[in-house]
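The structure appears right after this line, and notes come after that.
Going in written order, the chains are labelled A, B, C, D and E, and every chain counts its residues from 1.
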Amino acid sequence: MTAYKIMFYLFAAMIIVFSILTVTSRRILRAAVFLLFVLISTAGLYFWLDYQFMAGVQLALYAGGIVVLIIFSILLTSHIDQKFSQPHWSKRIMAATAALSGMALCLLLFLQHTFIVGTNPPIKNDMTNIGTQLLSTEHNGFALPFEVISILLLAAMIAAIIIAKKGK
Amino acid sequence: MNLDQFLIMRHELLLIGVVLLLLIAEVFSKSEKKHFMIPFAIILFLLYTIVGFLPAKTGVLFGGMYQTSELVILFKNILNVAVFIILLQSASWLRKDINHERISEFYIILLSSLIGMNFMISAGDFLMFYLGLETATIPLTALAAFDKYKNKSAEAGIKFILSSALSSGILLFGLSILYGTTGSIYFTEVAEKLVASPLLVLGFIFFVSGMSFKISLVPFHFWTADVYEGAPVNVTSFLSVVSKGAAAFIFMVILFTVFKSLSNMWGDVLYLLSILTMTIGNLFAMRQKNMKRFLAFSSIAQAGFILLGIMGASELGMTSVVYFVLVYVFSNLAAFGVVSVISDKTGLESMDDYNGMYRTNPKLSLIMMLALFSLAGIPPVAGFFGKFFLFTSAASKGYYWLVLIAVLNATISLYYYLLVVKAMFINKNDTPIAKFKSTFTDRLALIICVAGIFAIGFASPIYELIRSLSFGF
Amino acid sequence: MNILALFIIIPILTIIGILSTKDHRGTRIVSAIGMGLQLITSVVLIYMFYAERNAGNHADMLFMVDYMWFESLNIHYLVGVDGISVAMIALTSVVTFAGVFASWEVKDLPREFFISLIVLATGVFGFFISLDLFTMFLFYEVAVIPMYLLIGLWGSGPKEYSAMKLTLMLMGGSALLLVGLFGIYFNSAPNGGQLTFNILEISKITIPMEAQRFFFPFTFIGFGILGALFPFHTWSPDGHASAPTAVSMLHAGVLMKLGGYGCFRVAMFLMPGAAHELAWIFIILTAISVVYGAFGAIWQKDLKYINAYSSVSHCGLVLFALLMMNETAMDGAIIQMISHGLMTALFFALIGMIYGRTHTRMINEMGGLMKIMPFLAVCYVIAGLASLGLPGLSGFVAEMTIFVGAFQHPDTFHRVVTILACSSIVVTAVYILRVVGVLLFGPVRNDEFLKLTDAKWFEKVSTVTLILAVAFIGIVPIWLSDLIRLSLKPILDQLSSF
Amino acid sequence: MINFSYTIWILIIPIFMFLLLGLLGMKFKPIISGVLGTIGLGVVMLLSYYAAYQYFFQLPRIDDAYQQILAHNITWLNLSASLQIKMGVFIDPISVMMLVVVSTVSFMVHLYSIGYMKGEKGFQRFYAFLSLFTFSMLGLVVATNIFQMYIFWELVGVSSFLLIGFYYERPSAVAASKKAFIVTRFADLGFLVGILLLSYYTKSFDFLNITGPVGIEVTRNLTQTFLGMSVATWALLLIFMGGAGKSAMFPLHIWLPDAMEGPTPVSALIHAATMVVAGVYLVARLFPLYSFAAPDALTVISYVGGFTSLFAAVIACTQFDIKRVLAFSTLSQIGYMMLALGVSGYGGEKGVGYMASMFHLFTHAMFKALLFLGAGSIIHAVHSNYMNEMGGLRKYLPITHLTFLIACLTIAGLFPLSGFWSKDEILVAAYEHNMLLFWVEYLVAGLTAFYMFRLYFRVFWNKEPHYHHKPHESPLVMTIPLMFLAVASIFTGFLPFSKMITSDRLPFETETNLMVAIPSVAIGLVGILIAFLLYKKDNTRVEKIVKGLGGVYTTIYNKFYIDEVYMFVTKKIIFNLISRPVAWFDRHVVDGFMNGIAGVTVLASRKIKGAQSGQLQHYAFFFVLGAIAFALIFIYLWQ
Amino acid sequence: MERYGIPLEGFLVISTAMFFIGIYGFLVRKNLITMLMSIELILNSVNINFVAFNSYLFPENMQGNFFALIVVAIAAAEASVAIALIINIYRRFSSIEVEDIDEMKY
């Protein structure tokens, strides 16, 4: 049992437990916090995999951005101390059945599948490579998505503004 | 970026230019004189549309992430025309006081969405495809809620974004599986490395579910009706024509190129989906009273017919799909155009309000009738040709029973289209919609649509052109 | 310019003419002129057809025009006529012409009415001249769809229900038909090569037997629905009952003939093997149609229902005779189409005119009309006599030819069904005489009716045109019969090749 | 060689008159229509006489036999390479004879009607229909082939229908016309099927072929049998069915008495003299075929004829409507003719029945027309059909009385009136062939005399009822035909029929068989005597007899309830048990099924509406479930 | 296929679990914001997949990595628009309970 293994299991356990808590917690702010934990644990997994850049983005954008946004909206729209009533049992059972059967199916297929492994030499996952690839217009270069996403973000921003902006 | 690349990416780049121009104009415009944005945007877009028709280069850029062909360019042009008509139709709606503050935003969001679609149908890998898809969808959800003083519009927005998010989540999960099993996100590489395995099928099905959401195929269609009903009419027409058309196109291209080797299976997936879609869509459409909701379900059923074309898995099939989308653009926009005109003038959207409309507004009623006949596939309007070729495509693969079911469904669809015709022409009404004169832009839009409805069917060169650009396997 | 193009162009010009008229009067005059021209054109066509034949042109189809339309699918705009189509076109012209006059006094939205009527007629003309399955199907649907508006807007009674039912059932029929057509198309090049919708080309090849067996029923029933094949005929009574006069005329008179025409021109001509194999099923169905329709008519009280059931019976006879697949019977079948077209149009015209006066179609509410409106009553009697097969009128010629033809099969099955079909002439007499007796003869039951007037001039034009046509065929049938007979040869050759 | 092509005018004139009077009649004064029609018919009559004269006296015979001449024969319709329907004029002894009969009676009726129908509404129409009828009947008579005959046969039926229903405002007339048409139509169905059967085997419709050696050979050699009878027998029996319908043989007789609803001249023309003998004519026309190919059918014919004659005579004794009495008498007499044909052989002496039948047809036409026209004259005078409302008319209607008496004596078969000669030949034929029928015919002869004189005495003698206004003799235009026909009734018996009209067209000699003739006259006299005793004076004897007979009388009076049986079959079985269920079935089952499809669709639409609940999470649930279900299906179930 | 003793399947199990937990949450949570959180779980699980596949199976390039990166960005955009819409809903309906938002149905 190496430290890596322990860390992995720790992150795994955290992710799963906090995920479950996120979707079951009856206080909304707590749910948001649990979500934050899930995202952070995920970032931990990325670190574990040596994907620092990805982990950083995860922390900054996801944990830092989205969760804050969510909490912000919670504050706008909800009473913090309000406790939700449980959803109707039939709904829960139906949803659980669907989710569990889907999960069973997916896991079964994942575990049965023999994955092929890439044969080319691995590329070093450092900032230099990430930077060049991000701006490369060649094969395996991601300049185009990088540019396009800015349009998406611009449009999303305008969209969010016109909706959220209070009218006269 | 040299000129060649510019020419290849002409549509996207020009469109981004248009959006930026609008943004600049918005910044420098006085807040009480926003109206001028309307003609400005329309003319700008018209120019862009015209430029789009000029001969262009085709090719692959960004190491395969972006690709374009004559057919893709043609399809982008079709979308442009559709959007142009929608812009015309939305002019008088935007002119209303309540929308005064948000005119340019409307254009910017709409055109951004179009940019997304252009990237989506030009995508050469799943990342660009997904990115384009989201760029096309996310801003649109805001447009669905554009009438933000209406509960229904707000409801449409939230339903749209949440279900769209769920669907893209599932789609993404499918894509991740595809990536995991093939090791690439590039279409060409995935196609090469594709080996049928249960996991791959799972990924594929998740991908299909996500796409089905965009094209509104049963049982992934439920959002459609609510969103179409709640959204402003012009946004609805954008959703039902442009958005759906683009999604159907790229879906077909991906099936034809990436999943070529799975064609046996996806033929059957589509078989099931199309039966479900046509039937359920029709069954729901039968009972609708709200025109927008009615057209929503009818457009669901139409999507089922499109699948018949895709199932042909051939040049013929691709031609028929593109051709049908072209026909569908004009027919559906004509129908939505009429709904939009009436909704703008009177605020009425229920089928019962249309009773006796022919006596007061004969031209609008006639256009509506032609549009509905075209949707139902009645000659001599173009819809007949569109449907006929779709059925030909399915029949060419021997799906005769499916064709039978489809045509029977077309008969059911005729039933409810005739209900509208009946309302307008036959039903008596003491207080029909008063006679009114529609604005220039509305009329222009409708004239273009009607011309399209008549011309496309008979003009075989259009069909032959598409055919010459199509591919199959 | 090819004469066949006129059959499409004249109606279109007429529609444009109608659109440019200002008032009701102009509308109907333009329609009358347009359809009059159409009638003249069809007479010229007959003349030209005979002239060509006499000049030694023995091609199967004359006046052919072939435009490539959708090249990649090999869809052509291909038209041409043989004697049968010529006869059907003449029928259509006559009935349309009479129909325009029968609807002379349409009050509500006359312009729309005449336009729809002419669109319908255009569809029918197009159908009869088409030699390409695609255009044929296109025109078929063009002909069907205006019915909805025509019945729904200008009809009477439960018009919306009937209009919807009729449209949907016919469209349902076209669903089957479309599958059949696709079946033919995709089997039109069994040995490789270009697929085609061209009827003449397909007839030269042999569609594989399995395909024939599968697609023949689709095609035949698809057309049969329009031809009121039992048990798919129920649109007909309701539809006819609710339709306005001219529409009933055109529909029963011409549109239902599309069914019979399609059955032999497409289903039997292109799939002769299956036609032989499966004929017995359809012979039984059509024999049922014949007798069943006649018995159904006896019990009806509404004039239009009576006539609708009688149409079921008579149209059943058409399909019945076609399936006998010999020269005489098929000749009779086509004469019967024409004959039934004319006399049923006459019937509906008269019923419409009577209804326009009495505002009822229930026979037991009327009586003694002979005294009140002798002209119409006499015409009605003539129509009735034509319907029950009185020599000297067209019905007799048709029925006798059919029976003689059907009797050429000496086996018991054919004999029995033929005799069964023959017996319809008695039942027909029963219901026709019942109507004539109750409606026209006897005392006047409602004194209100005594004030009513006889036919007006335009009504006379309408009925006299039809009566002349009926009598012409009845008295000198040989012209029509020979016109048809010569054109049956390719079809018979095709059928006998199995 | 004599050219008979002018005979076509015999057909053209009446049809022209029909069109003229039918289309333009309303433009003329009534009387002009009548005169025009009569003149036209007069020309036709003269042409017929001329043709008869030429045929019998000028045309050279071949091997002593009268020739069969196709004066005209044009193709009317091509049915197949071998079968054509032709139209033409066929001249042979019986057709010429029928031409004479039809044109004579028709002319008399035309003339008579000028007086009888005077002032009737629709006078022109009447004449138009009369012309149409005459045309059709003449066309039937001269038919060159069986199909032409069928065509005109139908036309005759329609003319009869139109004329019976002449008083169209009278429901009984309408009902009668309908009945006549439908019953005969039913019979014609048999005729048609018979024609089809026959022509299928002989490959021809032409009389020259099918009654010539070839046709007979073909049909005689038909060994194919169906239900124990040869196909030829079937075909000819079916054809006879058609004849029986037109000639009102039992059990298809029911329409004839009702047909008396038509104007009386029509009854005289159509339902006494001409149309009703078409059946006899048809059998005579095909006689060689019957005789050689289907003797069984002939036997059937003889029994049907014999039975009908007895049956009708019995009923005639009880009827009170004078026209109905005459109608049943007609039935009875046609029964005679049929019987004569049925018992006849072919050729020479053996063919005496055939000759007798034709002979009786001829004389019967004269005296029966006379009877009807006389009855018309009576009705014209007293405005009633019922003999109860008549009596003592001899004073008022002297000419009518005299001519009527002559007719009664003729039909009773008293020497030397024409009825005697023709009936005698029939009895001879029956005597030689079938004793049972022979005795039946004796009985019928007595009954005939009885009921005719019952009628005669009731009308012209007996007690005089109270007349609303004094009856008066009919005008000259009506009495001239009476007198002409009376003369004809007296003298036509002397025509040498066996020299002219025989089964093989060869003349032969006949002698009166006194052993047959004398009893028959005696029986006739007995009948007259009984009638004299019962009806000369008003007395109670009749009532006593009626009472004595009880139910038998009622049954006879009600015509053996045959009409009721028919009514039961048509109303109850055809209408209620077939048509009504068919109509119901159509509306509810067939159409119900179609509507059911629509209903199911609507129902399904309503049932599934809940899925679109407006709840986002339900949508999502369906989404997920759909995706998983598709995955399961295509991973595990799909091959 | 193993790294530090942990096979690829370990990641896949985590991601799958997270994915379906997210789905479950989306299906049952009554509050629109919590539904949005479930969406984030779903997207996050997908990212894990991409990254794990990239790292374990195809380290020759960074497709999975970048895909995940872009997904994060898209998720952010999506979340921002969604939140705007939720706020809008809150203004109109005075509630962000998903079950209250059913004006349009059938």
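We take it that contacts are C-beta pairs under 8 Å (C-beta built on N, C-alpha and C of every residue); 3 or more make two chains touch, one makes a residue touch a chain.
Treat the numbers as computed from the prediction; the structure is a model and nothing was measured.
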Chains in simultaneous contact with chain C and chain E: B, D
Minimal step count in the chain contact network, chain B to chain D: 1
Chains most often in contact, by C-beta pairs: A-E
Chain whose Cα centroid lies nearest the overall Cα centroid: C
Centroid comparison with chain A (C-alpha atoms), farthest chain: D
Per Cα centroids, the chain farthest from chain B: D
Rounded Å distance between chain A and chain C, as computed from the means of their C-alpha atoms: 69
Whole-Å gap separating chain B and chain C, where each centre is the average of the chain's CA atoms: 42
Geometric centre distance via CA averages, chain E-chain B, whole Å: 27
Rounded Å distance between chain A and chain E, as computed from the means of their C-alpha atoms: 6
Shared-contact residues (touching 2 or more other chains) in chain D: 609, 612, 614, 616-617, 620-621, 624-625, 627, 631, 635
Multi-partner residues of chain B (each touching 2 or more other chains): 127, 131, 134, 138-139, 141-142, 145, 148, 157-159, 162, 166, 170, 180, 183, 198, 202, 225-226, 287
Residues of chain C touching at least two other chains: 168
Pairs of chains found to touch, sorted by chain label: A-B, A-D, A-E, B-C, B-D, B-E, C-D, D-E
Touching residues (chain side chain C, partner chain B) in the complex: 69-73, 75, 134, 137-139, 141-142, 145, 148-149, 152-153, 159-160, 164, 167-168, 171-172, 174-176, 178-179, 182-183, 185-186, 214, 218
Chain A-touching residues of chain B, taken from the complex the two chains share: 16, 19, 61-66, 101-102, 105, 108-109, 112-113, 115-116, 119, 127-128, 131-132, 134-135, 138-139, 141-143, 145-146, 148-149, 157, 180-181, 183, 186, 193, 197-199, 202
List of chain A residues in touch with chain D within their complex: 91, 94-95, 98-99, 101-102, 105, 109
Contacting residues of chain E [partner chain B, same complex]: 19, 22-23, 26, 32, 35-36, 39, 42-43, 45-46, 49-50, 53, 57-58, 63-64, 66-67, 70-71, 74, 77-78, 81-82, 84-86, 88-89, 91-93, 101-106
In the complex, chain D residues that touch chain B: 601-602, 604-606, 608-609, 611-612, 614, 616, 618-620, 622-627, 630-631, 633-635, 638
